[in-house]
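Accompanying notes for the structure given below.
For clarity, chains are labelled A, B, C, D, E and F in written order, and residue numbers in each chain start from 1.
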């Protein structure tokens, strides 16, 4: 026999959160959400399991999750270890054949299997994928903004999402890394933000979430009080030239996704505890939400 | 474009409630819960719609709800209006034929249809029932503890719960009032606490909840600080002689239900806002929980 | 060992009835029939079980039955017992708040549960309903032909028949009484003949049957030999001004139902043994049939 | 507009037949009945369509019918036309190879396709079969009671009824004639009464009906008043030595079927109009019924 | 323990056949093929079981087979035995009522049941049919090219192929002989080549195969080296006047079938071992293939 | 129009192969076959696409294929490139943490995605997997035969094959590489022959095929004429000490699989064209088959 200790004030506060959250929980059950993992959420040994826990909670109340990831810093490190100096043109990594071999070994061989392992420990039935699996992604080569030859850098031309749908229907969580076949027996290196957007469009996802190292988009970069809670695709498009180099591809991918039917894109700081839960299940959210 | 206002402290508090609640939400999806409504939850024009709102939230995240109710005070009032003086033996209402006619008119004619209306306004698809519908309850006459003739007072002998299951499977919320046929063309008056327990056993419910006018069971009646959060069926059985007259039939019905396979019985104050949500979706709960 | 006693003449007669009936039985299997019970069929202790037996036979060969009932005489009696004098304007009962409470207690509390009990004894799985259940009927207030305020008298604006369909699909027989919510927390008193017609239209019923105290419609009221076997909606409409007060609302409801797609309406004397069987399963029928 | 002409007396009589018949109709829906057609029902150009009409009525109220037939007189006629003199031993036709060719040409080539045509005209979806179809019947040779060589005369050793079940499940009426393969590339001639019994046992039929040229079994052959309405398998077995040559194989097959689980066997005069309907849908029946 | 003996040359040859055959096997799985059996394949005691074996192999890898047959020589023989001299007008058998009786006894009574037996021994679940079964074929009388009265000669007006589809769906092989009801209680004699084409059109068959006594169509009749492997419907149509009397109705039926949507028609010599397998599972085939 | 050129001799030979193959094709449809790819089949740019083509043909006739691979030579090469000298104890690679990182980058990052790409080009819907996906393989550390610490070398303790089954049910071809999580956030290096056997047991596979660089098992190693076509598990077990170092783990895994219910294990030379087809679809096969 044990006595009750919940005070009335605590009870009232808890009840308010539940009343706020339950309609969102109901509304999101059965909906598909694509989550691009980057930054600390991907690599920090303390943060990654927490994010995995949040993803498991979202999945447990019926959301259908697809995780997409890249891994820039780890690739650069491995390239240097292999004696190749990383080079970028307009934010895109110049990727020759030797570099491509490093890219896919790091992304598919190390990061993807680590992430799948972490998500399985959190209770998800995660399945690692590349764009080659069941010919999921068809890509073409991409050249630099000024016509530079970037080597094995690709962009998604077509997405065959049946494999993702089949896995989701059976309760699996696909975990896709950003490489894909070039149609000639080789592989291409994709921007993971763009790949996440392509997958979200193809699945008719209800949400596309970018988990990053920043709290969201700011009206005045550097002024923390100016974090934007909500904006429109047009407003976002206007802001692109003012954004940081890391945020620009996310913003471009977000605008594309919103124009092609994904109703909401979120940018969150993956390092804030339970950022995903707060964004999805509260009225205000915690990061920046762009609504079509 | 709008700026964010959620403070870190609020965010942390909200996240904690969600992390606490989500596993319960997942665990209860698809489970059957029988809720006996009494006291203010049934009749107070301010309280009833709030309770209905909570029931609608529980239903919206996949719980299968069956509501059971009586209506003692209203019956007594109607009897007096019809010139019949209410009389009780051992807490059971002596019910002659004229009284029985009053009982079923008040319970099935007034309270049940009012409650159905309130629940529908809250968004549930409520369907009012008596024990006669599809021969749901088979009852026998019950005599007083000292052999007194109580007239048309009955106890449930058998429950044919197929109608409840069919309604639940199609998303309806059955609302059962405590009268049932006597097998000879007449009706019997049931104790609603016992009827709720019988239904919960028959459905293999995961929970039986008594929404009452008190916060739960107390170790020392009158000492608010001694509210019991959790106890065992044996502990409850031992307490029965010390309980108030109103609580005794609940406690007896609860012990019966727990012995016959209902794993948890809850006693809550229906007048506390969101008592149901707090009891179901938090670790501590807000009332008294008896676990088999 | 027993010898045969069926004579050839008997055999021939029986065979003729079967050959006549079997195509009707086949044709009606799976069809929905709305039966408005009134008069002796509803209240006579000798007649009601017989009508229930016929309904059970119809159901046993695959017809989907919906029963609708009112209960005018019983309501008047209870009103007088409660000190309220019944008053009518143009055949409609003036119903103030106190009267409405009596109406629903008598209809939903007494008559509906008695009828459900009788039908269950006959072998049906009857389920009692009011217009409040799953928000089945949406109603508006109705004023007298000359603009009189009739109080809580309503007419059906919309029928959500999903609950009826779900119950029928699972083999239940819905038994609906003629009260419905007013959308503001109160109830309205409906004309049961009109309610039956509204339900029949909404379900796309194959038949609407009025079981009454008279054999059908007469060409010359008072001349038994002039009972009409069959007529058209236009012929019926023309006759309305000549009809008795009790028959007029049935005739109006019938014309409405026929115009909105119910192909056949029948008026029968519920007191004639097996009137329902004879009407449904013979070429000539026994009462009056109006065919669109 | 038309007036009613059904008199009360007629109405009462019709109602009585319906009340008697409806429970049988309900009870037989979905049940399998094997009907052996012989005599006039098979060959009389006036009788056959009437019997077909009755079978169509039975089928229309949900009975699953299997028709079995032989065709002794037609076979004898064709044999004589081919210059073969018919010969019998203990009621079984001596069948050499040439005779067997005549047998299957008459039974499968002429009678079966005629009967299928007649049944289709009556509204059934009849499908003609021999024991060879999908290897339905496995047979062995049968010798005479005194060891005579009867040639190609067979008895059923095993029945693979899946083809019948598949056809019945899709609403077809199998029409089986009494020939079957001998397992060595040839065919055997079966007694149709015995084949019908074998099929009824294999299907777990609810009834086996012999439509013949006589009204049933008589206590005193020749005394029409002594027609037996009902008897037990033991009583029937005792009677066998006293029966006519044509009735004996039916009686033997009936006893076998009753012993192996077919609950009822009927013997009827197929020439009596609607004999099938009267036997199936009335309490007394019209022929002789043997009940296990 | 056993040592390997397959030589490299044999292995290479076997592998080549498999690589050639597997795509055809895959492509034909689940497809419907109508096979008209004639000549030796139908009557030769040595050939028929081999053809049945090939049909069983085709069925075993998922092809849905419908067999159609006539039986001209056997009918002529039986007519002569019955004292009727066979007569033909433009290749069609003049068929009076007596001849028709012979026709159906031979086709349905003898040939069909023999063929069903042979196919069942080969492992198929064959079911014999005439055009009367479930009213499969509706036919009209056909007159000679110069208006001659041919008696009971018919052509197919309509095909109700549901029975065939139901049988195929359950794994049966329908075996149809070329007689059909005349709609007036009698039967008509059909050309089996035309009946096979009608059935193939109605089923949307992927192939129609004529198994005959000749190797296929020849560019120069009599010159074996001029066997045509493949041609178009127009080329075939042009050839018709030059064809043998037996081939002409096949060619006409083939052209009709190809025009109505059957994509391929084959003419093969049923006497060549495994002709069916070679035609279906090799690139070149062995007979003549006409492709739309 | 084209003339036929298939000679009778060719036709007879082709027919013989088809008649031999079709029963195997039928028998294997729907059966699961685990194929361990090693040697030339895995890495030779000319051989790999041919093996992929054979796998696609097997899949096209309904076989459910699971591919398993390792990649020893490539791992050794990459280790040397990273400055780590490969070392083996009893045939098992000593794998420290740095080596493990190389192992999974080569196996999961390079070989697996190349193989998936090649199989997709051949028409399969291949999906690359590691033992981490959906927690497919649970492993423990393995020590050397003499207790040596081998580092991150593992053996399979448990297989959760639901992911494989779900993928196979939807027409995908799982391609599993031989690494698996260690349950503590790291990975283990598995012997691919043993992993293939574990998967085959868990799936209840009908066959386990080792595609290697040798033609099979020899009675006298070095004597090509002594290639064993067929042997028993006991015979194989007896041979193990005499086998080459590369064949020994295959033989041990094969014996284990055969003892745990896999009925057949095959050892084939993946470099022989169409070795898979010949082994599966001919009586003799081309390599060595071990049958339980």
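Going forward, contacts are C-beta pairs under 8 Å (C-beta built on N, C-alpha and C of every residue); 3 or more make two chains touch, one makes a residue touch a chain.
Please read all numbers here as calculations on a predicted model, not as lab measurements.
Enquirer: Enter the minimum step count from chain C to chain E; a value of 1 means the two chains touch.
Expert: Contact-graph shortest path, chain C to chain E, evaluates to 2.
Enquirer: Just curious, how far off is chain F from chain B if you go by their C-alpha centres, in Å?
Expert: That gives a centre separation of 62 Å.
Enquirer: How many angstrom lie between the CA centroids of chain A and chain D, rounded to a whole number?
Expert: Roughly 74 Å separates the two chain centres.
Enquirer: Measuring from the mean C-alpha position of chain C to the mean C-alpha position of chain D, what distance in angstrom results?
Expert: So the centre of chain C lies 46 Å away from the centre of chain D.
Enquirer: Spell out, as numbers or ranges, the residues of chain E touching 2 or more other chains.
Expert: Answer for chain E, listing residues that touch two or more other chains: there are none.
Enquirer: Thinking of each chain as a vertex joined to the chains it touches, would you call that graph a line, ring, star, complete, or other?
Expert: Here the contact pattern is a ring, one closed loop where every chain has two partners.
Enquirer: Starting from chain C and heading to chain D first, what is the chain order around the ring?
Expert: Read from chain C toward chain D, the cyclic arrangement is C, D, E, F, A, B.
Enquirer: Which residues, counting only chain E, touch chain D once they are in their complex?
Expert: The contact residues of chain E facing chain D are 81-82, 101, 104-110, 112-113, 116-118, 120-121, 125-130, 132-135, 163, 166-167, 170, 172, 179, 181, 185, 187.
Enquirer: Can you name the residues of chain A that touch chain B in the complex?
Expert: Interface residues on the chain A side: 1-6, 11-15, 17-23, 25-26, 29, 57, 60-62, 216, 219, 225-232, 235, 272-274, 277-278, 281-282, 284-288.
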